[in-house]
Every structure is written in C-alpha cells, then in structure tokens.
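Given below, in the form of structure tokens, are the structures.
In the two assemblies presented below, chain A is common to both, partnered first by chain B and then by chain C.
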Partner chain A sequence: MTHHVILRVVSKFLIPLIALFAFYVQFHGDYGPGGGFQAGVILAASVILYALIFGLEEAKKSIPPTWVRVGMALGVLLYGGTGVATWLLGGAFLDYDVLAHDAAHGQHHGILAVELGVLLAVSSVMVTIFYAFGSRQPDLTDEDW
Partner chain B sequence: MDILPAYPAWLIEHGAALAVVLPLLTGAVCAVLRSERAAWIVTLIVTGACAVVSFGVLLTIFAGEVQIYEMGGWEPPYGIAYVIDGLNAPVLFLISAIAFIGTLYGIPSVTAEVEPGKRAPFYGAFLLCVAGLLGMVVTGDAFNVFVFLEVSSISTYVLVAMGASRDRRALAAACRYLILGSIGATLFVVGVGCLYMETGTLNMLDMSRILSEIGGGSRVALVGFGFIVIGLGLKLAMFPLHLWLPGAYAHAPSFVTVFLASTATKAALYLLLRFMFVVFDPSFEYDTAIITYVITTVAVAGMLLASLQAVYQTDARRTLAYSSIAQVGYMLLGIGMATAAGLSAGYLHLINHALIKGALFLALGAFWYRYGIMRVLDFRGLGQIMPWTMGAFTLGGLSLIGVPFTAGFVSKYNLAMAAAANGWWWAVGVIMAASVLAIIYMGRMLLVAYFQPPPEVDGEAVAKNEAPLLMLVPMWVLAGLSILIGINADWIVHAADGAAMVLTAGGGVRP
Partner chain C sequence: MIFVSSAMVSTLILDVGFMAMLVVVAFAIVRLQSLFAIVMLQGVYSLLCAAWFVSLDAVDVAFTEAAVGAGVATILMLAAMLLADRESKPVPINRQFGPILVVILAGIALLFALPDMPTVGDGNSPANSYVGMDYIARTADEIKIPNIVTAVLASYRGYDTFGEVVVIFSAGLGVLLLLGLDGNAGKWKAKPNGIQLYAPSAPPARIKPDNDGGESS
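Up next is the complex of A and B:
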C-alpha cells in the first residue's frame, strides 16, 4: 500500500499506543475496571488495525498464524495450569491462597497468572477469527478503496 | 464396593473438578499437536482417566455421600460449587465411559472420515466437547451450566462440520444446529437471568431454597422457568424442537454421531430434570402444570410422530436419528408422570438408550467404513458379509424395540408399570404403539440385512469383510451391556432409584 499516507502515519503512531493501553487495562484489572478479556480484545484490535492498513499478508508475516494458534492453547494452559499448580500445592482448584506465603499475596499472584492466560487466549482467538475470515476472500486492491 | 479403597483419597476429593479440567486442558494441547496418533493417544488416556475418576465418584455416591467441591476455595453460594449427588453421578460416568469407548473407535473412523490436517484438532474439539458435557453435569451453579453448555455446543458444531470431507451436507447441518443451538442457549441464559433477578443467587441449591421459601416466586420466576424449559428442550431435541437433530446425526462423522447420540441430549435431559425437580419444585403450581400438560404432550407426540417419521426414512442414520427423538419422548413421558416410579423409569431409559444407540451408531459407522453403506436398501446381505457387526446391530435393534432380556425391555417395562400405577392406561398404549413402530423401522433394516442375498459385483457375491477389531470391541461392549442389563438390571435400577430419590427429595412428587 503506497498511498493513504495519513492512514498509514496515524496508525503507525496509534498501534503501539493501543498495544500499550491494552497492557494498562491488563495490569490495572486487579484494582479497577479491566482485566484479561478487555485487554486481550484491545491488543487484538491493534493487530487487526495493522492488518487493515498494511494488508493481511504483512500482518501474517509479523504475527504468524501458527504463533496465534499456539497462543490460544498456551492461554488456556496458563489459566488451567495455575489451577493445577494450586492442586499440587495442596489447595482446591484455583485456590490462589496457597500460591504464596500468605493468602493475600497468593491471591495477587494467582489472579495475575490467570489474567495473563486470559489475555493470551482472548487476543489470539480474536486475531485467529480475523485471519480466518480475512483469508477467505481475495484481498482488496488499492483501487477498490 | 471393594474397588473404592483402591482410589487415592485425593482423587475422589478433587474428582469433580478433575473430570472437567483434564479434558479441557488436554483439549487445548491437542488443538496444536501435529501428529494425529499422538492426539488420539492423549484423548484415549484422558477419557480413560475421566472414566476411572468418575467411576470412583459414582461409588462414593452409591455409598451415600454427596460431594460438594468448592472451586477456588470460595464457599457457596458466593463461589462456584460442583455438586455431585445420585442424580448426576451416573450421567457423569456414562458420558466419560462413552467418550472412552468412542475414542477406541476413533482410529479407524476418524482416519476414514476427517481430512488429514484436521484430525489432531478434531480430537482437541472432541475433548472440549467432553469437558463441556461433564461440566454441565457436575456444576451446581446455574450460570456455570450456561458456560459449559456453550463449551460443549460450540465444539459440537465444529465436530459436526468436520463431516464435510465425507459429505458436504454436514456444513448445512452444522449451521442449522449452530443457529438452533445458539437460540436454545440464549433462551436458557435468559431464564437463568430471570431466576437471578428473582432469587439473587446463581447457586442451584440456594435458588431452590429461596424459591421454596417464597412459594415459587412471582411471574419472573415463572417466565424464567419457561425460558429454561424451552432452551433445554432445544438442546435435548424435545419433539417440536428437534429439527437440528436428524441432519446433525446423519452427516457428522460416525464417531461424533455415536458420541452425540449417547451423551449430548442426555446431559441436557439431566439438566431439565435438575431444574424441574430440584431448583423448581413440583409443589409450585406452574411447575406441575408444565410437567403434566406440556411435557407429557410433547413426549407422546414425539414418541408417535418421530417413530412414524423414522419408518419412512431411506437413510439408515436418519432412521436412527428420528428414533432418538422418539426415545427422548419415552424419557419425557417418565418425567411427565412426576411420580417416583415414572422418574426412575425415565432415568433408566436415559442410560439404557445411551448404550443402545451407541452400539447401533457404532455399527452403522462400521457399515459405512467397509462398504460406504448409508441407505437401508443397501443393507442387503450384511448378515453374511459382516456377521459380527450385524450381530451387534441386531442386539442393539432388539434392545431398542424392547424385546425381553434386553435393556430396552427393562426400561420400557418399568415405564409401562409406572404409567399403569399412575392410572395412565393410555400411556401404556402409547408405549406399545411406539414400540410397534420401532419393530417396523428396525425390522425393515434387519429383514434386508438377513433375508436378502449380498449384492453381486461382476457376477460374484461381495466377499465377507468384517469391521476392524477397534470398531468391533466398542460396539460389542455396548451391545453386551444392553443384554447384561436385560438379564440383571438390579444395579442399574438401583442407580435410577437413587436419582429418583434426589428428584423427589423436595417433597412435591408423589411417591
């Protein structure tokens, strides 16, 4: 894509900010509105915006579909793995209390790991869905814009 | 009961969560595995482990315990609790055992019916479906039910659509199932929302307590009840809401059909029982009215009309699919009586039908695997060219009809006795009429298979070509079980009575 200078410049500026905001929402989720799901959607939105502006092929080059597929599984495993870890430490499934020396810290660690899993799974799924639908039709030529 | 001490205490204590978590996590692993053989082995081990765990849990329930597992250590009603009692423990074991038996069958069937690149993810979706169904059954939280309902449904749509490499119509069937299934799930969650508004809790036991304190609640609870019944009715293929079922069963890969026919509608039926008799109580006026008039009516309509439709199908899998709808009618008839005996008989039929239909669909899959047979007319000579497979099919068919010394007879007999005890002599007649229709549609297949010579290719009769061992073993296990139940049904009737006891505990059901 050679023209659409404004779109390209603005989105180049915005995409990192969107991704950054995603992480803000992610880590702010413990104390206020936010969390893994919202952050995952925002993070995926940055990738999708990139794909919209620079083309699906470019996006697939920077974020390969195989990574995304592994990301989906990894997210679920991180979430579930936290539960398995609490099992191994002698608690109930997803009982974060046992993760650290005292319960409050344990809850912090636990929710952090779980929300990371959610972030990974949600953003990967969003991108996968976009890739799947986007790949079904021929890419738009510049003239069609 | 000697087996129980062999289980580690930890396994039983965490059994409820373990049975759901194991397939959920390994499902995610399978989705990214490259080797289909590795995915199959993982699936086999996990479903086997689930079956072992849920059997242990079943034994503790038989010993008279109720298991409550607090997720994350949050005590109910604030946190999510998994509750296992006499009502869901048998269904839990049934689903995981059928998943295990079905997986054995997977190697030949999936290799033949699913595209090479999609086989490992196929097992991933299957494990997610198992996790969803098990979750639906064990959870004691109404919203969590919805979550697992969606987990199992969405993976089921994928599984049905995987049949596309064999039959493109699978895509249309999956799409129809997706639309109707989503409507069902939406109606269900609207119902749960109404209940939450009425009671302020999502924990089923808490809901039940609050609802009985306020005597059934206001119109909001009534509306919620209606939404839940219709939503679950769509999922369990209650008669006029069954339109997704024949296509999904006929065009999905046989492996999926076997699993769906034996478990998916059963899990939804369990939920219907749970909501109608435990969360809501038949002592509420509207609950009894819907059970007596609506459920019984659709049960009878389903038994007769779906059986009649089964008679006119040319595709063997469609015949059995319509028969499944009719059999759901039998179970609903048991519910409609709302007596302990009727509920027990309906529950018994739920388990028996899972075994019977499992065996029948396994045999149909084998017919397709060897000869590509789908139509009833093509069954010619199958009694000679695939005697063992046809033998299992025949046992299953006889059991479906309800011939003495088969599982089908036991449950139909119990159902008829319960109807008679309830004074519903017309229901006995309906059971007989539907069984006669079953004789017609099953007999049609058996007659063609046994009394017509095998087709000839180039002047020579088709050679004998038995199904592979991995297909024969699962189908004979299920067919054998249905005969075993026919000979000695005490243990399974005991389980069904245990379930009926949970259902009648609320006090609104006549003994």
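Up next is the complex of A and C:
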C-alpha cells in the first residue's frame, strides 16, 4: 500500500496512540475494565496495523521476529516465575500474600507481575501468528483485494 | 419508579435489537460467497456481541470481545484468507441436509434447557449466590483493588489464568512449528486467484523461485 497517502498519514498518527492505549488498559486494569489480555491484543494490533500499512518487512525491522519469539516464552516464564517466587518465599503457588510485608501490597505486586506476563505472552503470540501467516505470500497489490 | 421501569424497557429494546442484528448478520454470513465480506461480517458480529455485553453490564467481557473478536481475530482471518481463494464454492444441496439437521437438533436441545436458566439479574442464580458473593465480599479487604474482575482473574483464579496464558502460548508455538516465523517452512509464491496454492507434500525450507510446476522435491 505504497500510494495510500491518507492511510499512511492517519495510521502514523494513530499507531502510537493505540500502543499508548494498550499500556493504559494494562496499568489501569486494577481500576477499570481491562488487563493483560486486552492490552496485549491492542498492542499486537498496533504492530499488525503498522505491518499492513507499511509492509511486513518494515514491521520486522522495527519488531524483529526474534523478539516476539523470546517475548512469548518470557511472558509465560514471568507468570510461572511469580508462582515459583511465592513458593520460595514460603507461600502456596501464586499466593501473592508473601511477596511484600503487607498482604494487600503483596497482592498488588503479584497481580502487576502476572499481568505483565500476560501482556508479553499475548502480544508476542498475536504478532507471531501474524508474522507466520503474513510471511507465506508476497505483499499483495491493491488489485488483488 | 417510573424512571427505573422506563430504563429497563429501553435496555430490553436494546437487547432485542442487538439480538435481531446478530441473527441478520449470521444469516448474511451463511448466505454470502465472498470470503472477504464474510470475514468483515464476522468482525461486525463480534462488535455487536461486545455492544450487547455492555448492555448486559459485562464490561470486561465486552472489552475482550471487542479487542480479540472484532480486532485481532478479523485481522488474522484476513491474513489466513490471503492463503486461500477469494470465493467459497457453493455447497451442493444434498450436502446441506446433515448440517441443518444438527442445527435443528441443537436448537431443540437449547430450547429444552431454557426453563432451567436463571433470569437476567436473578439474585439467587448460582453465579450470584456462592463463590461469587464471597469474592465480592473479600476483595475489598484482601486485595484492595476496585476492579473485582481483575482480582478474580489474577489472584483468586490465578491458576486458571495461568492455564489460559499457556493455551495462548501453545497456540503460538503450534503456528510457529507449522509455518515458521519467517515463512521459511516453505517460501513459495502463492497464486491468490489461481488454483495451485500449496505443494502436495511439505515444501522444503528454501526459496523456490517459481511454482508453476507444483512439484516439490
């Protein structure tokens, strides 16, 4: 889509806002609707939109496939690692009470870590799936749509 | 009191309207042949579902439906559609009897189960009586965050959410193993409107300059 000027200009303006909104959803999840799943999907949508407008190769330059491959494993590891950390601190698996001196603070820390793991895993997997499908064929011309 | 009842009537009108639109979109999806239009209508269906969930006060579910169902799922279906034809072939009439029989039987079973469902907002329904009330009562003391849904998802039901993350991870892993991250599990040029879209056997992991033969060594 090299000559769609309006699409390119508008998406250049919108993609940072979409990514910012993803982080708002992530960190405002304790207070309003949202959380790691929704934020991860929105963050992945910003990358996918970039790939759709500017081409898959450009997107792979900014978000390399190695990153998303590592990211999806790291997300699951962060979630499971939080559980193991609570284990080592003397609690049950994923019992966040032991993460801080105050039980409620421990819950806050645990939820934050777990939601970060969800964000990493979900966004990386979505981008991975898009990269995997998108790399199967050459970029389409406008007439093919 | 009059205000409350009129608000309830307006939500009822919204609910019925959303369900009617869902039925219309579902019939359009079944009837259409163009896969591009079908993918777009699936996004419309998800967005209507999300709007309906907001009307039912399930904001978190609506948010997820809008982000996953209407957003990413539509884009992934578009990306998958690039590997397939643009039009679906019409199904011959003798292959339509089986599916319609399944649909009718499932519909009869659902109608049969309908009287056992609690009404909307029923305080004595199973979802509102046992463990749910317990979470609502204890979140303010134990977790001290305003959004009870997040507390249930990340803390009380942390195991379940961990399972969900592993499911998503496995899905990504499966796609990765089958297709390869750079499309290098078989990089050939697809013909979007042609016939030959895949090699008969698993293609080799090297760049194939042409695909008119359709044979892969």
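Operating definition for what follows: the second predicted complex is superposed on the first by the 138 of 145 C-alpha atoms of A that agree within 3 Å, B and C clash if a C-alpha of one lies under 4 Å from a C-alpha of the other, contacts with A are read in each partner's own complex, and residues count from 1 in each chain.
Keep this in mind: contacts are C-beta pairs under 8 Å (C-beta built on N, C-alpha and C of every residue); 3 or more make two chains touch, one makes a residue touch a chain.
Quick caveat: nothing in here was measured; it's all calculated off a predicted structure.
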Can A:59 be said to touch chain B (first), chain C (second), both, or neither? neither
Where does A:84 make contact in the superposed view: on chain B (first), on chain C (second), on both, or on neither? first
Taking the superposition as given, does A:122 touch the first partner, chain B, the second, chain C, both, or neither? second
Considering only the touch criterion stated at the top, classify A:135 as touching first (chain B), second (chain C), both, or neither. second
If you stack the two complexes on chain A, which partner ends up touching A:47: first (chain B), second (chain C), both, or neither? neither
Once the shared chain is lined up, is A:69 touching chain B (first), chain C (second), both, or neither of them? both
Per the contact definition in the header, classify A:92: touching chain B only (first), chain C only (second), both, or neither. first
Residues of chain A touched by chain B versus by chain C: which partner has the larger set? C
From the superposed pair, tell me which chain A residues show up as contacts to chain B and also as contacts to chain C. 69, 72-73, 76, 80, 83, 93-94, 96
Counting only contacts in the complex, chain C reaches chain A at residues 36, 59-60, 62-64, 67-68, 71-72, 75-76, 79-80, 82-83, 142-147, 149-151, 153-155, 158-159, 161-162, 164-166, 168-169, 171-173, 175-176, 178-184, 186-187, 189-190, 192-193
Complex contact set, residues of chain A against chain C: 25, 29-35, 37-38, 41-42, 44-45, 48, 52, 65, 68-69, 72-73, 75-76, 79-80, 83, 93-94, 96, 103-104, 107-108, 110-111, 114-115, 117-118, 121-122, 124-126, 128-138, 140, 144-145
Across the complex, what residues on chain B touch chain A? 14, 17, 21, 24-25, 28-29, 31-32, 69-73
Per the touch rule above, chain A residues touching chain B in the complex are 69-70, 72-73, 76-77, 80-81, 83-84, 87, 91-97
